[in-house]
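Okay, got some structures for you below.
After this come two complexes, each holding chain A, first together with chain B and then together with chain C.
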Partner chain A sequence: MSQTVEMTAELPGTFYTRESPGSEPYVSVGATVSVGDTVGLIEVMKMFNPVVSTVAGTVVEVCVEAEDSVDVGDVLLRVEVS
Partner chain B sequence: MAIEVKKPGLATSVQDQGRQGNYHLGIPPSGAMDQMSFRAANLLLGNEETAAALECALLGPELTFSEDTQVAVTGARMQPSLDGEQKPLDTVLDVRAGETLAFGFASAGARGYLAVSGGIDVPVVLGSRSTYALGALGGLHGRTLQPGDLLETGKPPPARPVGKTIPSSMQVPVSREREIRVVLGLYDARVEVQSLKRFLSEPWQVASESDRIGYRFKGGTPLNFVPREPPFGAGDDPSNIVDACYPIGSIQVPSGQQPIVLHRDAVSGGGYMMIGTVISADMDVFGQMPPNTSVRFVDVSLEQALQARAERRQRLDGIRAALRG
Partner chain C sequence: MADISRLLVISRGEIAVRTIRAATELGITTVAAYSSADQDSLAVTLADESVNIGGAHAKKSYLNHEAILTAARETEADGIHPGYGFLSESADFARKVEEAGVTWVGPSADTISRMGDKATAIKTAEAAGVRVVPGSGGLVTDIASARIAADQIGYPMMIKATAGGGGRGIRIARDEAELVEGFAAATQEAAASFGDGGVYLERLVDSARHIEVQVLGDGTRAVHFYERDCSLQRRRQKVWEEAPAEILPASVRSAMCADAVDLAESVRYCGAGTVEFLYDPATEEYFFIEMNTRIQVEHPITEEVCGVDLIRGMLLVAQGHPLPYRQEEIAIRGHAIEVRINSEDPEADFRPAPGTIESLRWPAGPGVRIDTMAYEGYTIPPFYDSLIGKLIVWAESRELALARLRRALAETELTGPATTLPFVARLLDQDEVIANEFHTTWIENWLEEEAR
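Right, the complex of A and B next:
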């Protein structure tokens, strides 16, 4: 039985799905992630902080749009744990 | 006693009451953004009220202590834990030698204040231990904390009874909607009357880039300026003025787009018109506003501002009376 884990924001700020406008998104639906992989960035106080995966599995949903404002505890993505 | 920084947190810095009297040279006051919570943390421990403490922005540090001591955490709702065991905020905590202090996410507010018995002992620079990171001045090596840093502490006062707590009525509010009181001027006449009214009636949201230098707001309607010929020495943008001093708390609106309220690490002057200045009594609140907090700017008179300043002083006196002895 697979289990889905919600990855939540540990910081408030602006969520970014890619490192720069020209680069590929860190993850999209269907992507495989490992523990420690960067899955996005949260910008706050002019600092870009990596959002790091705490689980290994497959991304089943990206819950925020690029450059959305996020608050602490907001669900960023759902990962089906492998 | 030494405190070792295992993890620095997002932007943790040594802060105290700040350094006054150098702003005309471009050196801002710095110091704890939320002075009320900072002072309360020291008062809990029986420290000097302005002993240097750690200001922990949004994501707290992980610290280990070389000796038994006492600490207090006030301000943002960032749950402290010692060796994994959750501890309360706003109270005196015993720490044993070797224990690790960590923090949970900031569920409300933006800056936790960690006071340690005896205060953080870094060199006094121009009358203060506060960190001014932009100018690489004060604090620990003029910067925010890094992994592996060692902090020394001053001579501890006699230990306080564990459990002494700040009454909740005396804590700085951490709600997500705020009213910020403003005295208009000196350049509000540059803005059309209806536009100024709208500025004061709309909610503005704290932008994510807000920091100790300034708080930027978004979500409101851009200002309409009164047409004019730029005076000699002013830039061409309608928001430009002949360079002037920027008071702490002044609200500049570059190009009329997004207001910026200058805070304790601000630059001291420049060429943007200031629509008004936040009253001193409301400056603490900024320290507890994370991004996305909704703010309304409320126009008050100078008399009301002075009254609010007196009330803030009374509130601080109340905390002193409740926590001394």
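Right, the complex of A and C next:
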């Protein structure tokens, strides 16, 4: 049986789905992620902090829009653990 | 240029508060433009009115031209004060404000674009007779021409790869032997790393001081308010500023200030601005580096030693009034120091530390000024820069100002997020700081040595 894990923001700030406006998104729905993969960035006071996956699996939902503000505990994405 | 009766304040944080205070004292109705993350800000509380200009992310609010121009229309603002940061040095936005028939409190769009681009600013400075960092100008292609250029520039100098940048592709030559050796190596290295062997030469200003002159112009005449020493920096961010720069010989001070006024008048400067110089204490030479066409964070120390109100001055000249101060009336009295209080954790490599201020006690008493947006219960949002306040002290001498700063820091109590207050207190204990013997990379060297 598969299990879905929520990845939440550990910092408050602005969420980014890609490294720079010209680059590909780190992940999108259907992508497979491994433990340690960067799945997004959170900008806190002009410092960019990577959001790192703690699980391996498949992204089933990206819950926030790029450049949305997020608070600690907000769900960023849902991953179906493989 | 017309009278301002309703001023839209489009900055945030402490400078928005500072601007609202000056405008209120002039009898101007203030409207605070705020993002959704700033609805509980002190600026919104203190302003007569407020208007939401968009989401937390600055691109959606404080950098959003259309949202701000719409807010100006809807609130019937006839003036816009940009503070510092965000759109304060955007020629494009200043032009749109002018075209909307709203008074822009700052230099014209043309002046901003002329002084905002570094290469153009350097040319303008040279044309006004202000010395810039000596260099070869263009590429140097062989050692013979490098030698000729070097005679003009003087040692030590940098051999810089034209395709380099961000500190890469730079070699230092302290004499002719090093130039000969370094030139060949630098050309080869540049070709190998950047695919372009072009190099140029520029004087290295070692252990420099960052000294800047405050000016105010009315479009015809300009006056200066002497200088500030902003050499205590961490990663090129100013940490601690003083006025005056006590290390400057009187003759250098008057030449530097006269240069700043000449430069401002040569571009018919209207508004407050800062002319920045690198100063080499060993040779007593100074070189223009850039001009900031806005009010600066550290303006209060100038206000304290000169007894003036620079934001009021900006508001007056923007409305077409002549300069409110005559040069011969402007004098320095005593010494002022400003320290920046950032919500960063000095124990964790200055990591940003947004959060809620649980308790707060500011210092008070003689010679103490606090410019801040912080209050008890205020939640510092994570979306903007980390400056939450500035502690400014004034006293009759530098020595007394240091003692007053020590006293004021001891009175200050802030609980909640980590701040740079303990870091500032440690700086105050360093012999070099007390003796006024530091330069622009001194803090980094000190922190590196401590970490060892």
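Quick note on the criterion: the second predicted complex is superposed on the first by the 82 of 82 C-alpha atoms of A that agree within 3 Å, B and C clash if a C-alpha of one lies under 4 Å from a C-alpha of the other, contacts with A are read in each partner's own complex, and residues count from 1 in each chain.
Rule of thumb we're sticking to: contacts are C-beta pairs under 8 Å (C-beta built on N, C-alpha and C of every residue); 3 or more make two chains touch, one makes a residue touch a chain.
Since we're looking at a predicted model, the values are computed, not measured.
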Partner chain in contact with A:61 - chain B first, chain C second, else both or neither: neither
Which superposed partner A:6 touches (first chain B, second chain C, both, neither): neither
First (chain B), second (chain C), both or neither touched by A:47: both
Which of chain B and chain C A:73 touches, first, second, both or neither: first
Contact residues of chain A, present in both the chain B and the chain C interface: 11-14, 43-47, 69
Touch list for chain A against partner chain B, complex: 10-14, 43-47, 49, 69, 71-73
Partner chain A, residues of chain C touching it in the complex: 37, 55-57, 59-60, 343-344, 351-352, 354, 381-386
Residues of chain A that touch chain C when the two form their complex: 11-14, 43-47, 67-69
Contacting residues of chain B [partner chain A, same complex]: 10-11, 57-59, 105-107, 205, 208-211, 290-292
